[in-house]
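The following blocks contain the structures, represented as structure tokens.
Look for chain A in each of the two complexes below; its partner is chain B in the first and chain C in the second.
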Partner chain A sequence: MKLDVIPIHVANQPPGEPGLSGNAPPLLREVVEQVRRLIESGEPSAIDLSALPLTPADLDWLQEKLGAGEIAVTLQASGESTLNETACPGVWWVTHRNEQGAVNSQFIEVAFVPELVKAHPQDVALGLETLEFMIADRQGDAD
Partner chain B sequence: MQGPLIDTLARQGVSRRTFLKYCATLASMMALPPAAGLAMAEAMAAARRPSVIWLPFQECTGCTESFTRSHSPTLEGMIFDMISLDYQETLMAAAGHQAEAARHTAMRDNAGKYLLVIDGSIPLDQDGAYSCIGGRSNLDILKEAAEGAAAIIAMGTCASYGGIPKANPNPTGAVSVSDIIKDKPIVNIPGCPPIPVVMTGVLAHYLTFGSLPELDAKGRPKAFYGETIHDRCYRRPFYDQGKFAKTFDDEGARRGWCLFELGCKGPVTYNACATVKWNGGTSWPVESGHGCLGCSEPDFWDAGGFYKALSLPADPLKFAAAAAVVGTGAGVAIGFANRSKKGGAKSAHETTTLDDLEA
Partner chain C sequence: MKLDVIPIHVANQPPGEPGLSGNAPPLLREVVEQVRRLIESGEPSAIDLSALPLTPADLDWLQEKLGAGEIAVTLQASGESTLNETACPGVWWVTHRNEQGAVNSQFIEVAFVPELVKAHPQDVALGLETLEFMIADRQGDAD
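Up next is the complex of A and B:
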């Protein structure tokens, strides 16, 4: 059965202008402030996009303005996350998805490297252990 | 059992980045600044898991189901990794004397430090005989367990406000946790059932800041109960334009108009359904075409009928302004619709009417 047989017209969007709310442009100014702070003091910051009254059109507008940069990071951690640098270096568009692919949260992160990309010293130490085991193992084999 | 949380998580295959990502989302849901996500992750990673004693009283287990059957196990399921659940009748393997002994051990070993989670109301009539565990009344057990608790979390509307057991005529004399315990911090997480992530948020806050989150006048965390369903409802523009569904299958209902006249309690209900949604973010009651029942408010069961329109617009000022803008006198339209409901519905269809549902 085709869906349009069911006589229901979903009208989530109120008729008329669906698009821009006007809330996106001020965000650009905030990004400018944050980038300035990053350069001056090295202090990273972020804007929580899910917490703001932004329409899908607003988000598209923002994303288009900021553009796409050279680096795109994909993180697989209970669902996919993408941490993509925008055309403005130091400004990252971060999207966290759950296992079903739905967006859990979305941020603009202003940092030299997003926090999630960095490896934690404790994890690095664990990696070192693994490496050392590997070498010990090989030596064992060689003997 | 003890040790930093991050080690426990690692042992269960939860990576640090998964945890960081989770905390970022949690902070966002709790309306905390983005930097709080990282702070939360750091504090919680190093935190020792708090001992939690979970007592079910006069309840239906719906609240427990809400968590354990949650569609995003990695998110809310993590709650069980964040805590050391030392007593939970529905989930624990132990039974009988063994279970009671486990509770007493946890209470003694963690005296003054454990979190007490309660779901269900407490019946007071007949000396509490309506609900007993191991031959002791809920009232008795609650008082004993509250004694050594650092804080109490009242899970669900029953524990928070009495809920359905307290509904008129309240045959068992049911009361809420805060009706009995006066000398401990209590956070209410109402909802029938409550939204799982609220519990996670409260625990995360407790682990990070060592305190309960900020509460509203009804003891609910403001981060999740700070706004009404109506404030965040995607059908709100239709309300403002005075466009209402009059029956569950009329043209307005099909177009997704506001459900106010069909009894939606969204305007007077504080909860996060409209933003967090249900079933892993799939949908929520209003999105599936049914008005909000007001389940996170005290006495929602006796609030005049699920299909009766609220007598007043939630915010008459806003409403009047909206009506003026639209120029249709929507307020008048509502009054008219209510008066003519019976006749109107009769003539329009043969199917179930509001009055049938009310009866």
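Up next is the complex of A and C:
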């Protein structure tokens, strides 16, 4: 049997980068499509990286290609979440950790603002009530 | 002259809190008005704390009253800016520092999302071009 007839699956992977599955480049093309959709229609989207067959090397490769941006968000809520802008504005690398600091899930979110950063109107209304109560309380003190 | 006719300006300040100018409580009431406006009309606003006669004790008092929220944003752009959610959702404490780390200005921003966190459409479009170029380049390699 000649070696050149063995059906080798050549993944879409540059030579010399061990650990890559070949799944990262198509994902990057998907991100490009999502950014285009964001610009054209304002529609945000997200890719659940935890749900895809990606190796640690794939994730490193994606992070390196997307680069690092200027904005980093941390959210403390039963574990820390980080939402880091990449060098491509509108593309955010989102990591959710549990209370022990282990990664629960990772997403690439394509949006003008990550959903979790937005204050929700009902929460703002509740906060307003608290503030109003605090002020009424102070005015009572001053009387 | 009797002491009780000396016109003493009694600042709106609780007893026993030294360093307070009396300017912080009216500011807190202004924040309440701004939050109400945000809920009613969606209109964001900001108070430039650097432009007001506030003492360090006033700023501490305001920060303590507003409390700390779950979200902290840092932005690196010729000096670090921090945009921290307060315990009142929609109210953000914004501090801009210069490259040496000194505070340049401070704001209370009332908004669902602080303006600086939003990716701007023209920047997203530029980022898309860079991504598309990167992918085209990779496909050239693979051919």
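As a convention for this text, the second predicted complex is superposed on the first by the 125 of 143 C-alpha atoms of A that agree within 3 Å, B and C clash if a C-alpha of one lies under 4 Å from a C-alpha of the other, contacts with A are read in each partner's own complex, and residues count from 1 in each chain.
In this text, contacts are C-beta pairs under 8 Å (C-beta built on N, C-alpha and C of every residue); 3 or more make two chains touch, one makes a residue touch a chain.
From a predicted model like this one, the values you see are computed outputs, not experimental measurements.
**Q** Would you check which partner chain A:120 touches, where first means chain B only, second means chain C only, and both and neither mean what they say?
**A** Both: A:120 reaches chain B and chain C.
**Q** Quick check for you: in the superposed arrangement, does A:77 touch first (chain B), second (chain C), both or neither?
**A** both
**Q** Name the chain, either chain B or chain C, that contacts more residues of chain A.
**A** Partner touching more chain A residues in the overlay: C.
**Q** Identify the residues of chain A that lie in both the chain B contact region and the chain C contact region.
**A** 12, 14, 75, 77, 116, 120, 123
**Q** In the complex formed with chain B, which residues of chain A make contact?
**A** Going through chain A, the ones touching chain B are 7-12, 14, 45-48, 50-51, 75, 77-79, 81, 96, 98-100, 102, 104-105, 107, 109, 115-116, 120, 122-123.
**Q** If we count contacts the way the header does, which residues on chain C are in touch with chain A in the complex?
**A** Its residues touching chain A are 12, 14, 25, 28-29, 31-32, 35-36, 38-39, 65, 70-77, 85, 87-91, 111-113, 116-121, 123-128, 130-132, 134-135, 138, 141-142.
**Q** Under the stated contact criterion, what part of chain B meets chain A in this complex?
**A** So the residues of chain B touching chain A come out as 6, 14-18, 20-22, 24-25, 27-29, 31, 33-35, 38, 71-72, 74-75, 234, 237-238, 241, 254-257, 280-281.
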